[in-house]
Amino acid sequence: MKKLLDHKVGEPVDLFLFIKQSTKGVTQQGSPFMSLVLQDKSGDLEAKLWDTGEEQERLYPAAAIVRVGGEVHEYRGKNQLRIKSIRPAKADEGITMSDLVPSAEKSKEELMEELMQFFFEMKNPQIQRITRHLIKKHQEAFTMYPAATRNHHDYVSGLLDHVVSMLKLSKAVSDLYPTLNKDLLYSGVILHDIGKVIELSGPVAAHYTVEGNLLGHISIMVTEISKAADELDISGEEVMLLQHMVLSHHGKEEWGSPKRPMLPEAEMLHYIDNIDAKMNMLNRAMSKTEPGEFSERIFPLENRSFYKPTFE
Amino acid sequence: MKKLLDHKVGEPVDLFLFIKQSTKGVTQQGSPFMSLVLQDKSGDLEAKLWDTGEEQERLYPAAAIVRVGGEVHEYRGKNQLRIKSIRPAKADEGITMSDLVPSAEKSKEELMEELMQFFFEMKNPQIQRITRHLIKKHQEAFTMYPAATRNHHDYVSGLLDHVVSMLKLSKAVSDLYPTLNKDLLYSGVILHDIGKVIELSGPVAAHYTVEGNLLGHISIMVTEISKAADELDISGEEVMLLQHMVLSHHGKEEWGSPKRPMLPEAEMLHYIDNIDAKMNMLNRAMSKTEPGEFSERIFPLENRSFYKPTFE
Amino acid sequence: MKKLLDHKVGEPVDLFLFIKQSTKGVTQQGSPFMSLVLQDKSGDLEAKLWDTGEEQERLYPAAAIVRVGGEVHEYRGKNQLRIKSIRPAKADEGITMSDLVPSAEKSKEELMEELMQFFFEMKNPQIQRITRHLIKKHQEAFTMYPAATRNHHDYVSGLLDHVVSMLKLSKAVSDLYPTLNKDLLYSGVILHDIGKVIELSGPVAAHYTVEGNLLGHISIMVTEISKAADELDISGEEVMLLQHMVLSHHGKEEWGSPKRPMLPEAEMLHYIDNIDAKMNMLNRAMSKTEPGEFSERIFPLENRSFYKPTFE
Amino acid sequence: MKKLLDHKVGEPVDLFLFIKQSTKGVTQQGSPFMSLVLQDKSGDLEAKLWDTGEEQERLYPAAAIVRVGGEVHEYRGKNQLRIKSIRPAKADEGITMSDLVPSAEKSKEELMEELMQFFFEMKNPQIQRITRHLIKKHQEAFTMYPAATRNHHDYVSGLLDHVVSMLKLSKAVSDLYPTLNKDLLYSGVILHDIGKVIELSGPVAAHYTVEGNLLGHISIMVTEISKAADELDISGEEVMLLQHMVLSHHGKEEWGSPKRPMLPEAEMLHYIDNIDAKMNMLNRAMSKTEPGEFSERIFPLENRSFYKPTFE
Amino acid sequence: MKKLLDHKVGEPVDLFLFIKQSTKGVTQQGSPFMSLVLQDKSGDLEAKLWDTGEEQERLYPAAAIVRVGGEVHEYRGKNQLRIKSIRPAKADEGITMSDLVPSAEKSKEELMEELMQFFFEMKNPQIQRITRHLIKKHQEAFTMYPAATRNHHDYVSGLLDHVVSMLKLSKAVSDLYPTLNKDLLYSGVILHDIGKVIELSGPVAAHYTVEGNLLGHISIMVTEISKAADELDISGEEVMLLQHMVLSHHGKEEWGSPKRPMLPEAEMLHYIDNIDAKMNMLNRAMSKTEPGEFSERIFPLENRSFYKPTFE
Amino acid sequence: MKKLLDHKVGEPVDLFLFIKQSTKGVTQQGSPFMSLVLQDKSGDLEAKLWDTGEEQERLYPAAAIVRVGGEVHEYRGKNQLRIKSIRPAKADEGITMSDLVPSAEKSKEELMEELMQFFFEMKNPQIQRITRHLIKKHQEAFTMYPAATRNHHDYVSGLLDHVVSMLKLSKAVSDLYPTLNKDLLYSGVILHDIGKVIELSGPVAAHYTVEGNLLGHISIMVTEISKAADELDISGEEVMLLQHMVLSHHGKEEWGSPKRPMLPEAEMLHYIDNIDAKMNMLNRAMSKTEPGEFSERIFPLENRSFYKPTFE
């Protein structure tokens, strides 16, 4: 069955959709409206409900499931959904959030299994114990959260998907550059963004928590590593080096890392994080682009458009 | 008695001095030499020992006390000491490090007493308990360390001196802007740089520790606050806000704060820290400048020179 | 009685208001409208009058007083006023501009009296004479003008209010750092922005004059100090140093100061100006923020939001 | 006769030279020396006098004339003069400063005559009167000073030479772009740097005065224009526009102009000033470069080297 | 007869116009509309057609000629055209594109004749042959294309107009600075932007081609010069230097020149290109500005407004 | 046998060495000396020859082989060689350049064979033909040149070594991100720096050619691709895309790429080039660092030092 993003401009839509975001607004002229972000597994579109009132606000909050009729149209170079009819899904229609919310292609169980394989290549017991401890402590959220609220891996289990992809890339570069310490690199990859499970509010419709705003996932995680070491009664340089891996993974002070990488593995973690995030965005943008055309602009890639060749 | 910095260019010097820094070097032509930073309470000067060998290296390490004869001369706009004679101080000459190393004008006991007065204006018990706990935990070092290895408050008890001066400024601005929360501001002032006791190697001849380099005093302290709260069994927003105060006190990401200030008190902490550090540098530079002249260039003030008026 | 900014979103409004700004516009579809900024002492809100014609333009120019019925609503994260009825105030309703235009909490007479007290701490007669001369020359405007057209101290007597607050802060820092020359610092504070009385068009509804645009308040004031010295037949370093205080008070070339501060007092003037302006903005923003929430974004504070703690 | 810069590396030198700069120094090893900048009309070279004492300091101050024997050698990519013999010139040898100090190719009288011709193309009496008044007031210095202490037009009458060259360029662009107002442009060119006669200490061996450091030639000149208008009893927009021409001629705040150009003529003044200064530097550098070689690096041209083609 | 830009706000319009750009859009509420840029020789205005459908899209594509009735109105500080009636021009009305599309004031034949005169001042046969060859190869487009899609010389024959104006400026500066090599400078001026005939899609309604986006006119032209030299069997330094002239004419890497100018002529080419482009924009903006007013903001001049004096 | 870089500070050296660079200099005091860069396969050290004359200049030019006795010492944090004896190698000592000049670990034949394997994974005949043509055209130099004059892969066959390493990384990322086009990516990797064979002067002791300075390897190669396509009679998008791959591989305009990457493969090429260069530098620096120490500062990694953990 045709999903939301499979519809071209002008095509009629009749689908169950998940309300990812719901915001009240008022037009310049003063009429109230609601701005919804509606999604199914194919992705999301913005939509407006005009002349809304208390009833609409009650019926269509974030995280509700609705049945929507309408049409795709284009507004300022981006597709939107024009709503012609909307109603809450009924209990007996049997649609659940997991039918609609996009998630990693593989299940979180598969991804976790892939992840756990990488421990077999690690040797340092301290690093392994801290890493396993922190995975376990946050397992529920770690396997469900997105890696970001938008731009890349912004879907259920996106964080885990991103981590597993980065681990594969880590293995490739460790093979090419054998001086890299796999314990540090793999553990750094696994831990680098776990702080997001505290920084963000949840696996879907995520926003920044107060703690996320005031401390940020990097500082949160540095403290978490310290706590883990205390609980496991581990001391030694490994603790500090893991903290540094997490601390420096944004690469520069102006990107939120209070220290720049000072370990070859930390430098490589920054590169790998960057490549995997950028490839995720590029893949998404290019999949929507026709041969001989330029993609939509990708903001985190300095707002560039990318060209799709006419040959294979 | 005339101290080191009281000597003008060309004046002979005959003093007991403390070796603040001792580095081996080799001239362009290949002869070994030693580069010393010699100090007494008036400040420090660089000096060279030429054609040195193993004996000199053994006799003149950092932290040794020596008797030096020589002359002040100027090299590239900065004064240096030309050594004509040097020998280790003898035990029976009775000179100790504390006779030579510059320190805050007030004793650490006086400064601590001044500091403790500020607790009387604080109301929030959680904030007070965490702050007192951390002062106590690091008291020995907190009362002895400099605030920085150079530029400002770089003397014994310099950190405590800086903190007390900032507390006085905090009180003045809190009186002028009564919406500021004194608990947060005072505690932020007290805690903001305690991480330096781990970042730096000691109260004199300080260099950066490995942990200081890889984590930095800001992240070290954020974790310390978390540990203090755990040990005191304190939870609640206060912990996170104190962490944020410390985290953001450099003001900008590019200056090492992973988050910019998001509390009015955090913004003010950044201003006060800046003003007190800059005034310390300005006072030092202007005290060496004659009326009608420009001071030496002050690097952290964008390398500016400051003018001393000819009138009072 | 409830003032304009005391109304929450959705609440009906029925008030006399002052038209701070009145601009004609045309919608995307080509219909004429008017964009008004309406204010009373509590602050101002934007409002639109739709489908306007010549009559409306005649009735509702800037500086008119009107009676408005309507409702507060939110548009793109900022509150606006939806006008349902509007008419000019009638003469016999007895409402005057001074009833509606926000001004400093203290009267200009009180503020001037506070300001004059600071002369008692000054010693240098040349500096005092020039300063008094310029206050007197521009007294009418100096006591009425805002310090800026928006952001901080943007109300009647805002400039004087800002200056008096800065003088108090100057006194506090002069006490803490006694090397600062009070004559230079106090006079610098008093004179630094007087050029605004030429840069801006008036005490209310102020815009930039041509001279303000082409020369700016800094260069205008540097010339004014020179003229004052000529008229008072004062020569000597004091004139040049006061010019430098004004010239450098924005702190950096890119912020409009053709020279950076080269006097400790000039450096401090820059800090004090900055702190007082920022605290004014922070106070305003935090007063509208609920505990546990973030404030609106404050553009001149790098567009940051500030958090209001849940505890006192 | 061969002048100083006509000597190649390795060639012996025996010349009367003018001491442009004389600075005492001390070597790393503590021996005193003097660093001289020696010049004749062909340009200048640095030279060292080793193991100097009071006698040398007395004999070889700045502005002395000396007879030097030695050799040109190259040090770190720049030519220097190695002094083998030096003595003060004797009165009866009849060498005067004007024999040795480089100056504009044309005499100041010729240059002034060329300059005065441009008034015939001007129409606005106010602009002409202010401009003539300021030329007259500072005529002595205006015709003698360099345009800068180094880099471009740094010779006697360099300022006037620069102005006349810029006037010719102004005429060319005014002919091409006839909308430009010649009164504003010519007057702006003439006045733009006159403030340098107060900013700098004199026509030779110039350094920055205290007033030059604290106020700068731009602000000095803005005040001068205001005074001229007062003395001539001229009011009207012309005064402000001339002030703006001078104020904005550095083009950007970060280059010392508190306002960017807001008149087409001010924009053009900035371009013309830039072109004439850069061409002066390029001509000097290329004249010392062989075909097929790159010039020395030119610091104000972003430290670039320029290539001299092998063909004419 | 009154042309499009001769109409003031509020004035009725009834004109034949050329559709420079035609874009489909959808309002926030979901209604389709078309956004047209309509022009005649006086310039262009934006206009909207509301509630459009397939017929309108067929009738009003880019490059169509239409008869439009409507009115000029102002929207956000820029004039627009409100369309009240529109229909395609009829064949028998005899209006052609060249009646409506703005072009250089002189004919392309006149401009080419002016351009060819400059060859008489050139001496180097290799440079001349390459330059003539490339003019001839691209003559059709070179004489018709604009110099840019907007901002400056964005009209038919705009590129040629820009080049001829630059040549005149080149002659003026070559006369003032006779060390400049006219062969290199004139040829650089002529060739510098010919790559635009491949970078852009055509002389009117131009957009960037794929090759223009991926390679840019600078790299395209560098290759063209190499091909020309091959075809003419010319080798020698001249080829490389012409490539460098083109390569470096944007002046800085961040402006798209992979190398900064390293020939005095290349430096001058950059200045001349800049001046001529900026004067073209300034003239256009000032011609629409009343005395005593500021112009509209000019984006490529750092968004500045320029003031038009009240006197001549 | 112990090689040059195997010697610690203080250890005596007696080795045949290759003169990589030979520069004449003069000390501050005017004595001539020579500055040599001496190397064997382990790397290079700087050394000085004091009080040199014509004979020394004749005996010790760049590319000579010498026998040197001396000692390693440290100068400003970098090791140098103090020469105690030096003489030219004798013919009958049988030492050749290839015994001394560092080169890739594998032979150029092995490396070329590895490279050629990657063609088996490519499918597009046009891309393959252009790539093979250009390898063949420049094969001699391509297999011998370094990838840079310093910093990374600055040894014989360094360019080829770098390319092969990048190809392996390309394969790994292509496997992980299968949307990447291997033809474009592999060919881009192979061609991206071939222009260096024209930009640099030779495989050893390389400096920039005039063409290298004025055009740069990027623009040189873009033209080379165009010529190859002409010679092979290939047209079509592939040519332009290969040009874009080369053109954009520095990633940003300010780093010398006139266009930023606009193909996913071009983006990846930039990442891979960066990673392989940085890992080469990191490996070299870390190999000289003891556990528990920081490496020397690495300039192209923003002058950072990297830490070597104390555990394996």
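We just call them A, B, C, D, E and F in the order they show up, numbering each chain from 1.
The rule we apply is simple: a contact is a pair of C-beta atoms (placed from the backbone, for glycine too) under 8 Å apart; a residue touches a chain by one contact, two chains touch by 3 or more.
What you see is a predicted model; the values in this text were computed from it and never measured.
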- What is the graph distance from subunit C to subunit F, where chains are linked when they touch? 2
- If you check the contacts of subunit A and subunit D, which chains show up for both? B, C, E, F
- Tell me which of A-B, A-E or B-C has the interface of A-C again, with more than half the contact pairs shared? A-E
- Query: If every chain is reduced to the average of its C-alpha atoms, which one ends up farthest from subunit C?
  - Reply: F
- What is the distance in Å between the mean C-alpha positions of subunit D and subunit F? 44
- Query: Approximately how many whole Å separate the CA-defined centres of subunit D and subunit E?
  - Reply: 39
- Query: Can you list the subunit D residues in contact with two or more other chains?
  - Reply: 210, 213-214, 237, 241, 262, 294, 307
- Query: Pairwise, which chains touch?
  - Reply: A-B, A-C, A-E, A-F, B-C, B-D, B-F, C-D, C-E, D-E, D-F, E-F
- Message: Residue numbers of subunit E touching subunit F in their complex, please.
- Response: 210-211, 213-216, 218-219, 222-223, 226-227, 230, 237, 240-241, 243-244, 247, 253-259, 262
- Query: Quick one: in the complex, what on subunit F touches subunit D?
  - Reply: 25-30, 32, 210, 213-214
- Which subunit B residues qualify as touching subunit C in the complex? 123-124, 165, 168-169, 172-173, 175-177, 179, 181, 184, 236-238, 241, 260-264, 267-268, 271, 274-275, 278-279, 282-283, 286-287, 294, 301-302, 304-307, 309-312
- Item | List of subunit D residues in touch with subunit F within their complex | 48, 50, 71, 73-76, 80, 82, 292, 294, 307
